[in-house]
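The two complexes that follow have chain A in common; it is paired with chain B in the first and with chain C in the second.
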Partner chain A sequence: MNKLIQNEMLKLLARKRLIVVGIILSILVVLFTYAQYQTVQTQLKKLGTTDWRTTLQQQIIDTQNRLSNSRIPDDFKKELEVRVKQQQYYLDNDINPAEPGAPSFTKEFMENSIDLLLPLMIMVIASDLVSSEFSMGSIKLLLTRPVKRWKILFSKYVTLLLAISLIIAMMGMISYLISGVVFGFKGWTAPEFIGFQITEAGFDASGASIIPQWQFILMDFGVVWFAAVVVGTLSFMVSVLIRSTAAGMGIILALLIAGAILSNMVSSWTSAKYFFMLNMRLTDYLNGSPPPIEGMTLSFSLAVLTVWWLLALFISFGVFTKKDIY
Partner chain B sequence: MITLSVKNLKKKIGKKEIIKGIDIELYEGEVFGFLGPNGAGKTTTIRMLTGLIRPTSGSISICGYDLQKDFTNAMMHLGCIVENPELYPFLSGYDNLVHFARMIPGFQSKRLAEVIELVGLSERIHDKVKTYSLGMRQRLGIAQALLGNPKVLILDEPTNGLDPAGIREMRQFIRDLAKNEGLSVLVSSHLLSEIQLLCDRVAIISKGAVIQTDTVHALLSSQEKMVWRVEPLQQAKQILESATEVVELEDCLITDFDANKAGLWSRELVNSGIQIIEMNRRLPALEDLFLELTGGDRIE
Partner chain C sequence: MCEVFILKKPLSIVITALSAVLLCVWLGGFLYAVQTNLNVQADESKNTSQDTGKKSQAVNNEKDLKVVAVGDSLTRGMGDETGKGYIGYLTDEMKAKSKKPVIVQNLGISGQKSDSLLAQVKTYSVTRQLKEADYILITIGGNDLFQGGQTLVDFQPAAVKSIQQKYLHNLEAILSHVRSSNSGAVIFLVGLYNPFIELENGKDTSQVVREWNYKSAEAAAKQIKTVYVPTFDLFELKVNDYLYTDRFHPNSKGYRLIAERVAALLTW
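The block that comes next holds the complex of A and B.
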């Protein structure tokens, strides 16, 4: 099995797909870093650069005064407490809160690419992993070896998982390194607020807690990886079913874009929440953004994605092992 | 020894039965031709023999291993090229071979150099396959088929697209493999002259069924003809017609070949004052044979 995976990696690397993905990501990160830099500059111009420490100090005192007021509700109190802690951290570590550090840039970049950019990159790899063998005709050489078909497909799938992990790692590194050059590499231990929810009733912070930013980023990467694996597996299935790589890519692309559009539109069509595309933004649950459809939770989305994932795997292996090769 | 045995092989697609029960046996050291027009079911059959298509019924056994039940062991003894050898163009010839060698359990790495030497690709083996000529690709295709020391080699249209020199070379190469290494080689072709020059035995397939299996020699000799170029033609025709069936074709007369009577007939002609310009014993082209056997039918 190791040798089969070695074969698949050889082919993947020889086709330089990963390098292309790396280049695309680098260009985009440079672009976003510049955009972020511009935003920060205008903000600094508005607020003034020199006295942000005194401003922050003043804000902390204000918040603490409000906290001592016994009439404010518990939920709100919790939020204020967190805010104080964050502000105190910035002050203690000499970080201007208006300027993002490399870790928070990376975090934001991952959160924003989870439902479209990253799936696109994954798709570039996944969608021709199997179909290119068909379109090149090499499938006939590949399947006339003393190796069972499911093993060949499994080696391709493992290669896909490796490639996904590599792409995500690459994404993290590229965005951290490039943005770090501009914004500095500080901020790993900055406190992050997790576990609150924005619902119809308002702000619910009952389950909220504070964790350091590195832990938050790690969780972000975890859910990003999971979402990427699900999209990768779906593209993989399409790649098994459809001989033409271009057609396969088109299908996945259409689905992803439909997802992005739908999540902005649907809120009354509740059964749309069973589409995998609407469950892609797993990071939203971590940072407390409202879900596209009322009542969706992290565990619900994970469950929906898991079902899609298992279904895609089942179909891929079922079809590939039975298929007549013409 | 029987190396490949196919029994009552059938394939249905939808309701249409495209392969209607094929039986073949291949022996060690022989080149076996699989002959039929395009659409007769050659490629479908070959794809079933190589495990690419699942037969609807029937059995295939390679060196005693059933292809359906014991795929891995059966495939250990089989090497094949189905249609063109579509190797990875973005890898070098060497990497392609390493790639396929990794898929063979217990592969001995010295076999790699042996195979490259055998097909004569040593000089260009580290170049990318996309820079190869068709003939070189074909040779690399043969190399990958031979990697696992197979007992049975299946080649689908092996001379397709090669130039005349390449065809002659390939023909010699296949004959040598059968003779020196004891391989059974199954070659499919729609080119009848190809089979005639290359094969020991031939199965003729039409509309998904084998209509005849025999040695090439036996098939042809039963159809051997005698061509007479004589002067004057009409008078000679009358004389020959009294002895046998005669067909007049352009400026020749054609009769069946009969070793015992040919001398007698020629003497009669000479005695009647007919001048014999040419007497020629001729094997029919397989084309004619094929048309005769199938009654001139082509594809449905």
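The block that comes next holds the complex of A and C.
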């Protein structure tokens, strides 16, 4: 089994797709960093050349004054308290909040790429893992060996999981290193807050608590990884079902883009929430952005994704072990 | 082609191992995220049930302790990261010790001077609230004396003298008005500390503040059940440990000190 995985990994590396993914990501991150840098510059210009520390100090005091007002609701108070803590952290650690550090940039980059960019990168790897064996004809050589079919497919699947983990790490490293050159590498311990609830009543922060940013980033990466595994498994299934790599890629691409479009316009079509594409933005639940369709929660999205994932796995293995190879 | 493969073998093993480690890390992060978020949800339901418990208790009790706080930014709690100020900490303490529900009205206005406080306490709604109070807390004079630090920077004894005269006049009027609107409540007049004690002319400024406090205490002594609460000594040593980054208002620690001192004077 171990040998099989090694073999698959070797094939994957020899195909140099990971390097291509790395290059694409580097170029994109450079672009985004530059865009972010421009935004920061215009923001600074708007604020004037005054010392940001005084402005921040003033903001903190203003918020504190609002906090002591007994008439504001408790959940809003909680939000303000967290804001004060964050601002005080920036002040104490000499970080200008208008200029994000590399950890913040990385976090945002991951959060924004979870539903389209990352799945595309994963797809590049996943969609030809099996179908390329067909198109090159090497599948026959592979299957003539005295190894059970499911083992061959399983080794390919494990390779896919490893590649996904590697790509996510690459993404994190690339965005951290490139943006760090411009924005500085500080800010790992900046306070982040979690535990918002978006309910029918609106924004509820009563369960919010504060954790250092690196823990938040770890969580972000964790859910990004899960979403990537689900998309990877789906592309893997398509790769098993369809011989042509290009057609397989097209299908997954269409699904992903449909998801991106749908999440912008659904909200009244509630059964759309059972599509996997609309449940991809798991990071939104962590940072408290409202979900595309009301009533969706983290546990709901995880459940939907898990069902799609299991279904894809089941079909892949079912079909591959029964398929006629010619 | 063959050569490339041979070269790549050890590298591929390293990459595979690395990927396996990363897989575990991301899986860990994922489980952590799920666990934390579900925990938060569970905690929340607990919290809400506690809250309703408290509320029903409050309804059951008839008699409660009313506290009215008037004054400047110290009453407001400026500089405290939690926004509580000494009033907030004092309230916490009272709630912990007293069986009765504690109701606090914080009427502090940042930057308020003695003349505007006098105008404030004379308004109908404030007088009405003062009438119902069991404890009345006052912080005033800091802005009269310091004027954001300006008075003590260009330090002129004559100017300070005239400011002090005006302040004392206002203070006496404030205290007598409060007393006449509520004869039963205990009034606490919280004194000044010297935030500039560690600056160059700290000795001079301290002397001015001491004098100021002495006169305030005298004014308080003229009324019954009126207690002057000194804070000068609290901030005398290590003043910077207890001040907020603006070096003027107390921080959380400083406010806690003031609250403890007032709390020690409360009788049940």
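Throughout what follows, the second predicted complex is superposed on the first by the 320 of 326 C-alpha atoms of A that agree within 3 Å, B and C clash if a C-alpha of one lies under 4 Å from a C-alpha of the other, contacts with A are read in each partner's own complex, and residues count from 1 in each chain.
The definition used in the following text is that contacts are C-beta pairs under 8 Å (C-beta built on N, C-alpha and C of every residue); 3 or more make two chains touch, one makes a residue touch a chain.
Being a predicted model, the structure only gives us computed values, none of them experimental.
Which partner does A:D324 contact after superposing on A: first (chain B), second (chain C), both, neither?
Once the two structures are laid over each other on A, A:D324 reaches chain B alone.
Mind working out whether A:G137 is in touch with chain B, chain C, both or neither, as first, second, both or neither?
So A:G137 only meets chain B here.
Using the superposition on chain A described above, determine whether A:L10 touches chain B (first), chain C (second), both, or neither.
A:L10 sits against chain B and chain C alike.
Which of the two, chain B or chain C, is in touch with more residues of chain A?
C
With the two complexes superposed on chain A, say which partner A:Y285 touches: chain B (first), chain C (second), both, or neither.
The answer is second: A:Y285 touches chain C but not chain B.
Which partner does A:E81 contact after superposing on A: first (chain B), second (chain C), both, neither?
Touch partner of A:E81: chain C, not chain B.
Is A:S165 touching the first partner chain B, the second partner chain C, both, or neither of them?
So A:S165 only meets chain C here.
Applying the document's definition of touch, where does A:P146 land relative to chain B and chain C: first, second, both, or neither?
Only chain B; A:P146 stays clear of chain C.
Chain A residues touched by both chain B and chain C?
6, 10, 14
Once bound in the complex, which stretches of chain A touch chain B?
Interface residues on the chain A side: 3-4, 6-7, 10-11, 14-15, 136-138, 140-148, 322, 324-326.
How about chain B: which of its residues touch chain A in the complex?
Touching chain A: residues 47, 50-54, 71-76, 78, 80, 82-91, 95, 99-100, 102-105, 144, 148 of chain B.
Report the residues of chain A in contact with chain C in the complex, numbered from low to high.
Residue positions touching the partner: 5-6, 9-10, 13-14, 57, 61, 63-68, 70, 77, 80-81, 84-85, 88, 91, 161-166, 168-169, 194-195, 197, 206-209, 211, 215, 218-226, 285-286, 298-299, 302.
Which stretch or stretches of chain C touch chain A in the complex?
Chain C residues touching chain A: 4-5, 8-9, 11-13, 15-16, 18-20, 22-23, 25-34, 36-38, 40-41, 43-44, 47-48, 76-85, 88, 104-106, 108, 110, 245-246.
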